[in-house]
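One chain, subunit A, appears in both complexes that follow, with subunit B as partner in the first and subunit C in the second.
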Partner chain A sequence: MAVIEIQNLSYIYNPGTPSARVALKDFSISIEAGKFVGIIGHTGSGKSTLIQHFNGLLKPANGKVLIDGIDIWEDKKTLKKLRLEVGLVFQYPEYQLFEETVEKDIAFGPLNMGLEGEELNISVEKAAQFAGIDSEMLKKSPFELSGGQKRRAAIAGVLAMHPKILVLDEPAAGLDPVGRRMILEQIKNYHKEQKNTVILVSHSMEDIAKYATEVLVINKGEKLMYAPTNDVFRQSAKLAEIGLALPQITRVFHDLIEKGYPLRPDIYTIADAKNEIVRIVREKNQI
Partner chain B sequence: MLIETENLSYKYPRGKDNALNGINVTINKGEFTAVVGHNGSGKSTLAKHFNALLLPDAGVVTVDGVETANQGQLFNIRTKIGMVFQNPDNQIVGTVVEEDVAFGPENLGIAPDEIARRVDKALATVDMEQYRKRAPHQLSGGQKQRVSIAGILAMNPECIVLDEATSMLDPKGRKELLQAMTSLNKSGTTIVNITHFMEEAAIADRVIIMKDGNILLDGTPREVFADREILLNAGLDVPPVSRFVKEIAGLGLEINDNVISEQECVEAIETLLNR
Partner chain C sequence: MLKDITIGQYYPSVSFVHNLDPRTKLLLSFVFIASVFIARPYNIGYAIIILMTGALYIISKIPVKMIFKGLKPIIPIIIFTVVINLLFLNGEIVEIRWIDGETVPLRWWIFKITYEGINYAVTIIIRISCLIAGTSLLTYTTRPMELTDAIETLLSPLKKIKVPVHEFAMMMTIALRFIPTLIDETDKIMSAQKARGACLDNGTLIQRAKALIPILIPLMISAFRRADELALAMECRCYNGGEGRTKFKQLRISARDMVAASVMILFLSLVIIVNKFNIGWFLV
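This part shows the complex of A and B:
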């Protein structure tokens, strides 16, 4: 069943003024529960506008947003309840840390949801564990942590609310390669264990190829494609047309194919590329 | 040489350890250098010493032979070494693109017709002439960063230091900014690009790798990307194509395992398949 359903959504910034700008037009999508969806598109394509509709931060000018089949704007009470089911991690979430200790910061969300006592502790502990925050770090002030640690603490604060849908906007931006991998692996493990829906907005085609099961491509406020990752990346010409760069290894393979080498075009990760080269070398040696 | 640091050490007032531990590095005129390192390795701290945004606790930094600690020369140093920062929204002051670019030279007390000439030239260099009358908020991230560069160019700098200037951009914006860096360097401007993207480091002439406030490696991209283990230990990685050929070589297949660009990777695979 669809956990998020967007029906004919339109959104306009500064409506009725000379600077009015249509951010999304007649946008429809249905996302099944348990998927790991990657969202790609240019800056200004409407990605952030779309995800802010998932938990009612923005109200559609037209169209509907349904979470678990319920129209979130139907009445105020449902909106409040549904907001707790959609955990949104903004870009640079570490700027939003504010409590005295990391532990208190992570507990802020669940506390406001009405969790207390043992239940609260367990939820904070588990979230910290998922985010790779150890017990020593929990007692520290968030401002004593490194950039990557702060980022993980901020993500833990959202995980602690057990969102049914976890939405992350560029969670690895500005991190070094090891910090980047760490955060994404943790999100992957969380998804695997909790079986919730994860939505990842990223400019890194490498990361999308590696982690997402489905990809949504947005261009100029419209849905260009929504399909399993392989099917989307296979349309390299279409992606290149709107200026989205394919992963580096995919570009290498496409170059080789153009030169006449009989390689598969749907190679997006280093692991797949390795297998493909091994296959072709073996084939050659048999002849 | 343009910038030289001698036993440069620095500790942030509230920091536990030194952010920089006795750094000795020289940036030569006309070089295109990338500085990479894990979060907290000291790369931005080092860059901020290049134009006296920070002053050493110990050691000396000189720009064109002038010590950055010499307060009387601050204006001069900042005119020579310009900086572009991470967030495109935090560094534009004008309400119109061309006014923003003129802000620097106006503050240097340059004559109006000369300012106009410099603004024209700077906007042409970063390919932003057609946007000169636009409001900055109407521009994309990559365009804003190019306006920031133009603002520095209008001051006729020797060197531009970019502190993770591509990290908030989409792939297209990154590509535009990298093209601007490359063409500026070709016309003689010294470039220092601080980045987390190894593919960006690979297009520089020289890569400095930092770890825990020290310089771990300093060489051509080919030299520093030769040993993936060292980079992984420093919280970094090699570019995807370098990783790929190393993994293929690890299987016992005969392939050139020291490639740093897509082009070289294509050639290495071709050689392997035609053997």
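This part shows the complex of A and C:
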């Protein structure tokens, strides 16, 4: 069953003023439960606008947003409950930390949900564990942490709410490669263990290729493609048309193929690339 | 929600008023304010003021609905002062004559409605509305940077008595420049905390005040961070105050400014003459 269903959604920023701008037009998509969906598209293509509709932060000008088959704007009372089921991690989430200690900050969401006592402690602890925050860090002020640690603390604050759907807007932006991999691996583990739906907005084709099972391509507020990751990357011409490049490793492979190496063109991750190279080296040795 | 604030906003357009020198606009705004205070409601003075305000908006090519948008936030203040003046001002009490010839004075307990009160209430409504509308026009038609430039040049004689005019102007420029940035930032932080289940729009007063903490603390921190970064960036580009600093945009008075000044002085004189000779009192 579709956990998120968007029907003919349109959204306009600053309607009725000289700076009015259509961010999404007639957008429809249906996302199945348990998927790891990557969203790609240019800056200003409507990615962030779209994900803010998932938990009702933005109200569509037209169209419907259904979570678990329920129209979230039908009844205002259900809106708050649904908002808690969709955990949204904004870009640069570390700027929203405010509590005295990391622990208290992570507990902010669960407290708003009405969790108490042991239940609260467990959810905070588990979220911290998933985000790679140790007990020593939990007692520190969030402002003493490094950039990457802050980011993880902020993500833990959303994980602690046990969202059915976890939406992350560029969670790895501005981090070094180690911090990047750490955060994305933790999200992947969380997805594997909790079997929830994860939606990841990213500019990095490499990250999308590595983690996402499906990819949604947005261009100028419209859906260009929504398909399994490999199917999307196979359409390299279509992606190039809107100025999106394939993962670096794929481009390297395409160049090698042009030079006459008998490699497969549908290689999108480093791990696959290694296997493919090993394969052709073995084949060569056998001959 | 926060985007509704229009005070201090620039309204991009190409018009006679937009093209005026910011110094002219600033000084003429004072002329306008003076005229509003000089005019009296007993004669056609206020009609002239209202017509002038409308005319200025039309010349500036700014939709008249912007006047109402700008007035919206101060409506409660206007209503409050009007009600207070209407009910408490001393003077001749209004009497209502019933059909059978009996007259009833409008007073009840400590409240009373007097002719002076009504008069004063009308004065206040027109005066505040025209003041806000007229002065908003200055910011609607002038970019914040131009405005601070104008203030700096106009105040520059004060440098002689060691007033740090340039520094004040720079501080104002920066403050104005960061208003939209901070509004955006507040919007973002509010969304993020709402996504974490923060409840911002209901509960008791104390609950609501407490709900602001998760928004204000990140906002303060980011404001300080931005200030720090900006200071560093300015130092990196060798900023060291006003001494010897040249200007990218030179302010120049043109014929256009002369025309505008003449019109406004004519307008001021008209208001003064109307006031002095009480012209048109019989109409009101």
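Side notes on the structure shown:
Just so we're on the same page, the second predicted complex is superposed on the first by the 281 of 287 C-alpha atoms of A that agree within 3 Å, B and C clash if a C-alpha of one lies under 4 Å from a C-alpha of the other, contacts with A are read in each partner's own complex, and residues count from 1 in each chain.
Just so we're on the same page, contacts are C-beta pairs under 8 Å (C-beta built on N, C-alpha and C of every residue); 3 or more make two chains touch, one makes a residue touch a chain.
This structure is a prediction, so every number in the text was calculated from the model and none was measured.
Note on subunit A: of its two partners subunit C and subunit B, the one contacting more of its residues is B.
Look at A:249: by the touch rule set out above, it reaches subunit B but stays clear of subunit C. Looking at the shared chain after the overlay, A:20 reaches neither subunit B nor subunit C.
When the two complexes are overlaid on their common chain A, residue A:113 makes contact with subunit C while staying clear of subunit B.
By the touch criterion defined above, A:281 reaches subunit B but does not reach subunit C. In the superposition on chain A, contact is made by A:87 with subunit C only, not with subunit B.
Once the two complexes are laid over each other on the shared chain, residue contacts for A:240 go to neither subunit B nor subunit C. Once the two complexes are laid over each other on the shared chain, residue contacts for A:147 go to subunit B alone; subunit C is not touched. Interface of subunit B with subunit A (complex): residues 37-41, 86, 140-142, 164, 167-173, 175, 196, 198-199, 232, 235-237, 239-241, 243-244, 247-248, 251, 253, 262, 265-266, 269-270, 272-273. In the complex of the two chains, the subunit C residues touching subunit A come out as 3, 12, 185, 188-189, 191-199, 213-214, 217-218, 221-222. Those residues of subunit A lying in contact with subunit B across their complex are 42-44, 146-148, 173-180, 203, 205-206, 243-245, 247-249, 251-252, 255-256, 259, 261, 270, 273-274, 277-278, 280-281, 284. Within the complex formed with subunit C, the residues of subunit A that make contact are 14, 18, 52, 55, 57, 80, 83-84, 87-88, 90, 93, 95-98, 108-109, 112-113, 143, 157-158, 161.
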